[in-house]
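Pasting a structure below so you can have a look.
Residue numbering begins at 1 within each chain, and the chains themselves are lettered A, B, C and D in the order written.
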Amino acid sequence: MQYRTDLAMEQVQQMGGAPGVRASSAAGRGFTRSEVDIDTEEAARQLQKPVGRYITFETRPVHTLSAEERARLSEEIADTLRALLPPFGEVLVVGLGNRHITSDALGSRVVENVLVTRHLRESLPNSLLGRLRGVSALSPGVLGITGIETADMVRGAVEQTHPGAVIAVDALSARACARIGTAIQIADTGIQPGSGVGNHRAGLTRETLGVPVIAVGVPTVVYSTVIVRDALTLLLEAMPEAQGDHTAAADALARRLTRQQLGEMVVTPREIDQMVGELSQVLAMGVNRALQPRLSAQEIAALMNEAM
Amino acid sequence: MQYRTDLAMEQVQQMGGAPGVRASSAAGRGFTRSEVDIDTEEAARQLQKPVGRYITFETRPVHTLSAEERARLSEEIADTLRALLPPFGEVLVVGLGNRHITSDALGSRVVENVLVTRHLRESLPNSLLGRLRGVSALSPGVLGITGIETADMVRGAVEQTHPGAVIAVDALSARACARIGTAIQIADTGIQPGSGVGNHRAGLTRETLGVPVIAVGVPTVVYSTVIVRDALTLLLEAMPEAQGDHTAAADALARRLTRQQLGEMVVTPREIDQMVGELSQVLAMGVNRALQPRLSAQEIAALMNEAM
Amino acid sequence: MQYRTDLAMEQVQQMGGAPGVRASSAAGRGFTRSEVDIDTEEAARQLQKPVGRYITFETRPVHTLSAEERARLSEEIADTLRALLPPFGEVLVVGLGNRHITSDALGSRVVENVLVTRHLRESLPNSLLGRLRGVSALSPGVLGITGIETADMVRGAVEQTHPGAVIAVDALSARACARIGTAIQIADTGIQPGSGVGNHRAGLTRETLGVPVIAVGVPTVVYSTVIVRDALTLLLEAMPEAQGDHTAAADALARRLTRQQLGEMVVTPREIDQMVGELSQVLAMGVNRALQPRLSAQEIAALMNEAM
Amino acid sequence: MQYRTDLAMEQVQQMGGAPGVRASSAAGRGFTRSEVDIDTEEAARQLQKPVGRYITFETRPVHTLSAEERARLSEEIADTLRALLPPFGEVLVVGLGNRHITSDALGSRVVENVLVTRHLRESLPNSLLGRLRGVSALSPGVLGITGIETADMVRGAVEQTHPGAVIAVDALSARACARIGTAIQIADTGIQPGSGVGNHRAGLTRETLGVPVIAVGVPTVVYSTVIVRDALTLLLEAMPEAQGDHTAAADALARRLTRQQLGEMVVTPREIDQMVGELSQVLAMGVNRALQPRLSAQEIAALMNEAM
């Protein structure tokens, strides 16, 4: 039975602490910031997440935030990204996932709103040029659309353009519906094989690409098998007399139920189209602010306009 | 707790037979056709569905059908619609729902593929004109987008254009995930208040519009509370010793669980964008064949092309 | 040969002054505001535009304006609309044109960004309710898509919802390429038959709808026959010796040329998709500010968000 | 003054024959097939087109063709492509242009309808596997969107996946409006720098990619300067007395006219959205049939379905 979550903080909550894992959290204005550091390979094995730093912001559903709250969240995302990125050098922003499947389209939607500057060198006035970091962007699609492994596409782009770091944005799956559209995870571990809504076959990591890879993700779905299993578990816990031999039977029942009836179904808000749209705005603003700290929000907006 | 289904056949299966209800089903080539007739007001009250005839086709998920199977399904839909429509007079096809929410967009997508002919009177060659039924089409949007009740918009169009009947297409919610994208319901009852994915406030019926209203719908979602409740019920049934006083506790637990964690979440296939696209093709083909029995499929396709 | 323009100011420039026509213009910060008043039926006949007031703003191409310039332009549009609208009563905003043809989609795109409030009466807090004007919105599509005359659809909606005025937004054709995306016309005359990119068959006027109709339009195309004819005219003017008998031959040549080669071609910017998108934002902001003078821009944005 | 055409046959018609150029044409059922062979570097210099073979099909506007005519046209395209492709080895299909600009979106739309098979090796039944040619697909976007030169993106993909040939699809500009949406050019020369609606900076050729590159293109626009210049030229030809000193003045006038008023305007059908949609279907069907000669049209459609 699959208990998968792409969020390290959920994994820690579920499995509890472990040697080699540090976890902390702090409430901010309108959101909580939690950090999980997985320091040892042993801890990584236990949590099934690679060694690294995972920062997660939790908010109300993004599409219910005010304009000010969104701007503040974008700034927090920007600060976190900036701390993880190398201080200089070009950055390639990669939007993972399938743009034709709304729940998997977050990455490519973010990329559409990223300020791309790598090609502007020749045409910009000097007053701007010295303040711009070189940024390129790529939505490699998915294997079923291109026939090319995402990791191969990105490796090709990295070899052609030699960025100093990659930011990879992806839609995630969570274990709890309450995280959908409300938890934003930023990690210095890159993207792992098998993660994300679309289940990428190969990963995007420093090992595969040769440069640091910062991963940004937000859960857009929970697999429906997960919520059924959770409901059954809670029920069994509430019935002491069911703890005995019947647990196994219940478990088997749950397996059959989910296999037969739920298949590849996901749980998602009815307004997922709107949610993904708004999330991509907030994330893109965070990425743009992280990559262009010497531009004002107005200058970024103006350059986005011209770039179109 | 909400047990809502928009499918009469699910309601009958769940509640069992009743006086005043006739139900039958027959397997066809590649699909099952079932019919529920609710004959008395008493039965209607019990089943919470109005008096009328409900025909449901069940197939494999539409996007896994071959081109031949789709064409055959469209013909069955066409035959059923034709039997419920008056033989002469213009028809207004109404696509309900919110086109910006994929799970609610089925109606407006179907309308985009309906052959509209009402305005062609003056421009068509005589060879075609005598064989064409007058068809108009309308996607009234939803209250939140227009500020106008869907029922008012449709009533306005009916008063201006005087059709002899209305076909109303809508996305439905089901009780079982297995029905998503696989069950097509056609009913002569019109659309009831509170039905559909978008929960229409007012209905579209012969009473409100003054002409027969044929409803066509396909489930695109199951409310996530439903699948959790179903899982718990199945589990309790499998544990004889839990039947006693603990049922109430379990029920309370389920309530709390769904209230806290699931909210307005729906269960849906990850590929809902594609599913709605393909369903709308099959339904529109069925509607077009029902309304234009004297045109070949080629003539319909050619006229669709010109009409654009 | 067709010399059509939907802009009264172009018509006046071309035909020159006439008794019963008053024209004036004033430069503002970043744009010019011109006003044409056609006061008599005789002048209306000469100019082929109905009696009424036409205000036109001219700017640089809207997609090259800064955020501040756009906001200022929206405020000017809002002020002008407010002066033409009745002070109280609901308003229905109608977006004309075909949303599947980019150059004709301006009206329906504006409607997507209008704050609709008519249905909020029951759900809003009192603090907001007293300050909100009731607004509904409608994109009736075009005859080829619905089979229903736009004018009939709008009349149906007016009869069902009883607004005190209608604002009708439409894409226009101009005579000069320089007006595409740069001239915004607001008129108290409603929409005339045959006007707009899509050539509406019937008009939307106080006569047909029973309430005042304010028209808002921006040119998105110039018919290609027009620019060819203009080029030839300019050339002939520059060649004194060609004024004689050869003019007729040249004219015939121009006719043949345009008939054979240009057909229904239009001249338009390559970036028309982006241009229509940005125009619709500016116009919708103007409409929203005109209709909700007691809300701040932030409150409008917040309500738009919730309404989705 | 710019006289650019991306069609070799237009260039030959305009410049007339030359040593080293062979041109022929033949009428087929519903379309004309013409072939231009540029055999020498001297001829290439004169015609400003590289040495190679250019086949062009001319039809009525594609969106007015019947289903049968489209199928026949697709087969002709397939036959021509197959003759230019190496008989074995994987093929990478590249869709050039900007998907957010309708007139430039043809390439990426075609790619969306190409049957991608490269990744299916492991999952397909043997009965299919032996008959499938490996195909991958890529829409690299444009420099302004990605910050990466299209040629670099494609080179990266070629280096990662080692195809035996590339098919590059692009929207073209023509000199005559009558070619928009009616002329389909297939060439073994690859894509040249500066060609296409989007004016690609770098080319895609055997020299830059290391494998044969077949170019497929259809004009979607004519630059508006071209039609004005053509009109003036025709007029001058019709007026013998204008041939003298006044030609220069007229020419200067034309320059000023187009510079001031037309800018980057293009001439295009009002229904360009629909036209590009239908063209992409016909081209994709041609590409699919060329690459998968051992599959029936039904098998291709079924695999397209599954691949989604």
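Observations on the model:
The working rule: contacts are C-beta pairs under 8 Å (C-beta built on N, C-alpha and C of every residue); 3 or more make two chains touch, one makes a residue touch a chain.
Computed from a predicted model, the values in this text were never measured in an experiment.
With contact taken as defined at the outset, chain B and chain C are each touched by A, D. The greater number of contacting C-beta pairs, out of the two interfaces B-D and A-B, is seen for A-B. Note: the chain lying farthest from chain C is A, by mean C-alpha position. Measuring from the averaged C-alpha position of chain A to that of chain D gives a distance of 38 Å. Mean C-alpha positions place chain B and chain D at a centre distance of 43 Å.
Between the Cα centres of chain A and chain B there is a gap of 36 Å. Chain D has residues 100, 271, 274, 308 in contact with two or more other chains.
Here chain C touches chain B in the complex through residues 100, 112, 116-119, 134-139, 141, 143-149, 152-153, 155-157, 159-161, 307-308, going by the rule given at the top.
Against chain A, in their complex, chain C makes its touches with residues 63-64, 66-67, 271, 274, 298, 301-302, 305, 308. Chain A contributes residues 100-104, 176-178, 180, 197, 221, 224, 227-228, 230-232, 234-236, 238-239, 241-242, 246, 249-250, 253-254, 257, 260-274 to its touches with chain B in the complex.
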